[in-house]
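What follows is subunit A paired twice: with subunit B in the first complex and subunit C in the second.
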Partner chain A sequence: MINNRKYDVIVIGAGPSGVSSAINCAKKGLKVLIVDLNSNSGGQIYRAPPKTYKSISKKLEENVIQNKLSDEIKKFKIETAYNHTVWQVSPGFKVNAFNETSTIQWQSKSLIIATGTYEKIIPFEGWTIPGVIGLAACTVILKAHHFIPSKKIVLAGNGPLLMLVAYYVIQFGGKVDAIIDTSSKIDWIKSTLSLITNPKNFRDGIKWIFKIFLKRIPFYSNSTVEKAFEVDGGINVKIRNLKNGKAKNIISETIAIGHGLIPSTDITRLLRAEHIYDEQKGGWIAKVDRFLRSSISGVYIAGDGAGISGALAATDKGLLASSALLYDEKFISQTEFDHNTYKILKKLDKYEVFAKAIFKLNSTPKKLIESINNGTVICRCEDITKSEILRAVDQGAKDINQIKSWTRLGMGPCQGRTCHYATSKIVAEYLNCEIDNLGYLTGRSPIRPVPLDRVLGDFDYEKITKVEAAPL
Partner chain B sequence: MDLRVSNYFDRSNKVNINVNNKKIEAYEGECLAVVLFVNNIKKLRLSPKKRQSRGMFCLMGSCQECVVLIDDKKVISCNVFIKDGMKIKVGDFDK
Partner chain C sequence: MTETDVAIIGGGINGGSTGLELAKNGLNVTIIDKNFICRGASGVNAGTLTMHMTRAQLIPYAKKGWELWMNTSEWLSKEIDVEKKNGLCLAFTEDEEKLLIERSKIRKEYGADISIISIKEAQRIDPNINSSIKCAAFCEMDGYVSANQTGNAYSKALKENKVKILENYDVSKIDYHKNKYVIIFKNGEKLTASSIILATGVNLEKTLKLLEINIKIKCLPQQLIVSERMPKIMDTVITVANGKLSLKQFKNGTVLIGGGWPGIGNVEDNYTETKPENLIGNMMLACHAIPRLKSSRVARVWLGLEAETDDAMPIIGEIPNYENAYIIGSIHSGYTSGPYMGKLLAEKILGKDIDLSLFDIKRFL
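Our next item is the complex of A and B:
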């Protein structure tokens, strides 16, 4: 269905930065639409519980923040399109989405892309077994859906999510069989100390670590899951120490794994915006100026999409991007713009310290990439293994797009979201080159699979105008 | 063991869904992928080439691994809220 509703600005993503930018624009009288795949605002970090859940007395902090976001959206009467998956964005700007029943197209003069991040996961042999899930998925199960994923769980990867998930699993009555962390204890101490400037995060960190310590959870530093396979009653997890090479097997029910976050660039790649590689900011990111303008006029990137700086910075990044838009479209004066952005930029500098500390914990050690066995499936959608990728490279595939045409990697339903980062790392390691040299996957629509029945809609077969067959 | 955490929210009505002709109890509005997972229905579909079992992975609509059939239509189950009487097929449906 082409609906052709026109807006001044469409905000894609209703996380904290999407919401703050939408409100900033609405306050100045712009006609705003905010689109999100989920059924409510909050994004992933403050993901809302299902609508049928009725809150009783106590509330998780995340749920309180989410409530505030949805109240503000209501207060400023911002139009929302929840449960809508964006599958195509084209210049001009036309945004195509689908929901449970149909497809729709909206138009706008400007775009604010606030699509956040995906989880970065470095594969291991057996990461495709059902029962191995992302750490971020685990936080959603715990904090939004209010379930424990399984009675027993192994948490692996690195960074603060490891601790946060461990904390909630224990708090909610589950059992953590082991924490397997690619970082060392020293990395943790260093990063935690640098968080002192950020009391809230510092307090959270200490709270999590304390709980984990009290429960005496086996903690494997400098280690990774090398391999996992199904056994009776669960999954056998082979742990490998990346420093001394020692291995150990344990059995658990579920593994949750994650190595940090990757900025989502689906839409900016589709729009052919310029991108740069910045390991510290999460990998390939859309190139932006100080005020979060992308290389395409009218397209602004709020939140973590143009570099990870975390949830605390998200709101301010939303304000920054939308202030740039308001100024460019002459809704605010130079003085107002300077006044607003000066304060925000100062605040954002402070958050950078925090982002850097987190980055250290989430860095991808060379040894981790080397530890991936050759038979490991890297592209889950198309079942492409590490050795198939390296064979393509040996045969002459020079960049990631050539690897795609050679092997079908990145051509499946996820469009490379799950394997792009790991593939770049594996190939750069193999060729001993910079990831920049390998390029990034060209954006292709649809960025999410579109069900054909939604595109077709309802029609009577008899009413279709039949075209005469061309003469032979 | 029920893996639901009920300290913060009350669920709504109890309903039944049908998974490969087996009755599963759940609460209306709960996330389908999660309910299947905690009921140990983890193998949702087969991968295209190696025909390996796959299941819920990212839980945020990115990986597309959690596809199942609901009323004979393919959907990502992490974005589906349970309704009474839903008919779900998992496993080798993608022939």
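Our next item is the complex of A and C:
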């Protein structure tokens, strides 16, 4: 393990907020390292196509923005560690990561965590069969790789991603068999006023909806995928209307489903920072002050990790978090800090209106949680079903960590990223209590599975650290 | 103010086992835990039930404990997975071979049915082990428990036997007068008891202070590593000559790597943190023992705090100068022997003639 590099600040995550905070710090002369598991900057939203894709001719707008980000990083001589997956962060701060061949440890005085969000999927019976993918994952395939997952596809879940994915699928020559949305048409109309506050995104939205309308794609409002199973020639998708209970079956090849995004809290939970539950901001989030300082001195949260507010706000949140850092470390004066942050805070307030509207479209209806069958697998790493979770609760498990230890839920390679939200919802619903009372899963290293051959490399037995023998 | 015959402070394997046995004999028992039942060492330990790592003097107790673990459905609950496995302890160098032969001989003298076997025999027992070993020690009395289920199993059994459980009750003061104990909790509530048992694991030093007794209890933060689920890659519990590896594959396919490699942690704020260099060392040793493990990925690392006295031997028995006050804890391989140690202490409290002089707290006073 190499252990030599020291930085003033390490930024984890090279999405728009990570990049803007890194640049802000580099401009003031700080020694900055930016780390990301992807092969380039851009994050999820402006994801770069793999380097081997030399011939992506029709560049999407997102790809162009991505190029700008990576030019800026070069300009300000920020050190980068792409293709590096962070697996452990400890106080002090020590950041451990691995890449294709080895592991590495860096140290820094401060940390900016800009690890964004991951996809929220409310489980249904059959969501673990081949051919079911995440809606956000589908956008990655479309935007970075310019592929469609299959010729025919069903899109399900909620929020604007449904429209965006439908648009790109059509654009790339695929057929959308149905859009299944847990929201109602009225929810969409109600949100229009707020969405208009962000004209650019609003215009995009209109463009997507227009295309969907032209193609006459069957649209199921107030509905969900209740069950999916493999049949000859594809997947049988059972659609259930959550309001009137009517069911319908259709056959397609792929289901892309997603119910919004969840802030990533792996690192802050690992560092034992304080967290709070805020449904409107995406669930459990790191507790921060107005300037995005976490409860741990020296740790700042840029981007969506302390509450979802979207791509436009991300850059500003990066500036805000890094301004707080620069001020705390005495690189800028109080006046400069006040001046910089005043404008940013105002802008962020404006984005908040838009973010709230999006949240409404992505909210998780009670009926959706109730519609999950008892036999449905909730924790897919360990195959734990809804009824096993409820059984542990019946036996007296009082919080999510007790459910974890009694059932193994959340103990697998994803460490609960996929099942945490749904489990909290299911149990809170069952016990008729607030999710806060159930707590959150204790953060455990490694935050991403670590391939043993990669961290260990080839070694001789003699080289293994010697520890004192146990007493006889 | 509520009253109870026996108040047990600390609901780990030791407090739980003692309480269960007392309740089965008709006593009115209350178990108090500042967290939930078995969320301390007893819920997060490796669950290895091996003689190869047990301190020689504790072998007779570990054997009894092992037997209890093998029939939990009779005295505890069906809610816990226990597997009997063969145990192989490996030596990779000539020095280790010497150490293994010597240590196995002493353990055998204390009653462990351990024999030294050749490479060939070891490979017949488990073909997955590294073929470059010098020799191995073999013991049929081995196996493991899924320790994460301990809390569920004990809560259920304790409730069925009418033990009262107070969870999230942190003891802040113990008053003693007229042969009665008044336990005062942080939340202001009180409990009166005729008898108390201290079983607070790594917190024993602090709890003993409430009775104005000062002894040193070390806190050992220990790391455990678990792999993602894998096809079957081993069929035994693997340990090594110096006792610094325990390795086994659970039924669900995950492989657990332990052995007491230290991490960072302290009792005061129940803080733990991994030490990457020690994770690496522990993983290397595991992959050296079972080479196919190297194709796996680590899914999770966690730590637990283990209590150890200055002579690394348990403290079990009466607390001097107090009537009906007892202590149990700091037991090496304490998960293995916990159920039996608890039973012994309960029998002593119930008036049976049990010799616990080996574990007397007086040796530290």
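FYI, the second predicted complex is superposed on the first by the 454 of 472 C-alpha atoms of A that agree within 3 Å, B and C clash if a C-alpha of one lies under 4 Å from a C-alpha of the other, contacts with A are read in each partner's own complex, and residues count from 1 in each chain.
By our rule, a contact is a pair of C-beta atoms (placed from the backbone, for glycine too) under 8 Å apart; a residue touches a chain by one contact, two chains touch by 3 or more.
All of these numbers come straight from a predicted model, not from anything done at the bench.
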item	value
Which superposed partner A:I464 touches (first subunit B, second subunit C, both, neither)	second
Touched partner set for A:I133, first subunit B, second subunit C, both or neither	first
Touching partner for A:P449 - first (subunit B), second (subunit C), both, neither	both
First (subunit B), second (subunit C), both or neither touched by A:S194	neither
Which of subunit B and subunit C A:Q395 touches, first, second, both or neither	second
Which superposed partner A:Q107 touches (first subunit B, second subunit C, both, neither)	neither
First (subunit B), second (subunit C), both or neither touched by A:S405	second
Which superposed partner A:T85 touches (first subunit B, second subunit C, both, neither)	first
First, second, both or neither for A:R272, with subunit B first and subunit C second	second
Intersection of the subunit A residues that touch subunit B with those that touch subunit C	381-382, 412-413, 449, 451, 453
Interface residues, subunit A side, partner subunit B - complex	37-39, 44, 49-56, 58-60, 63, 83, 85, 118-119, 128-134, 136-137, 140-142, 145-151, 172-174, 377, 380-383, 412-414, 417-418, 448-449, 451, 453
Of subunit B, residues touching subunit A in the complex	1, 3-12, 27-31, 34, 37-38, 42-44, 47-50, 52-65, 67, 73-75, 79, 81
Of all residues in subunit C, those that touch subunit A in their complex	36, 39, 43, 53, 55-56, 79, 92-93, 99, 103, 106, 148-149, 151-152, 155-156, 159, 167, 226-229, 242-244, 252, 260-262, 271, 273-274, 276-278, 280-281, 283-285, 287-288, 293-302, 312, 332
List of subunit A residues in touch with subunit C within their complex	1, 88, 90-91, 94, 96, 105, 272, 381-382, 392, 395-399, 401-402, 405-406, 408, 411-413, 415, 444-446, 449-453, 455-456, 459, 461, 463-465, 467, 469-472
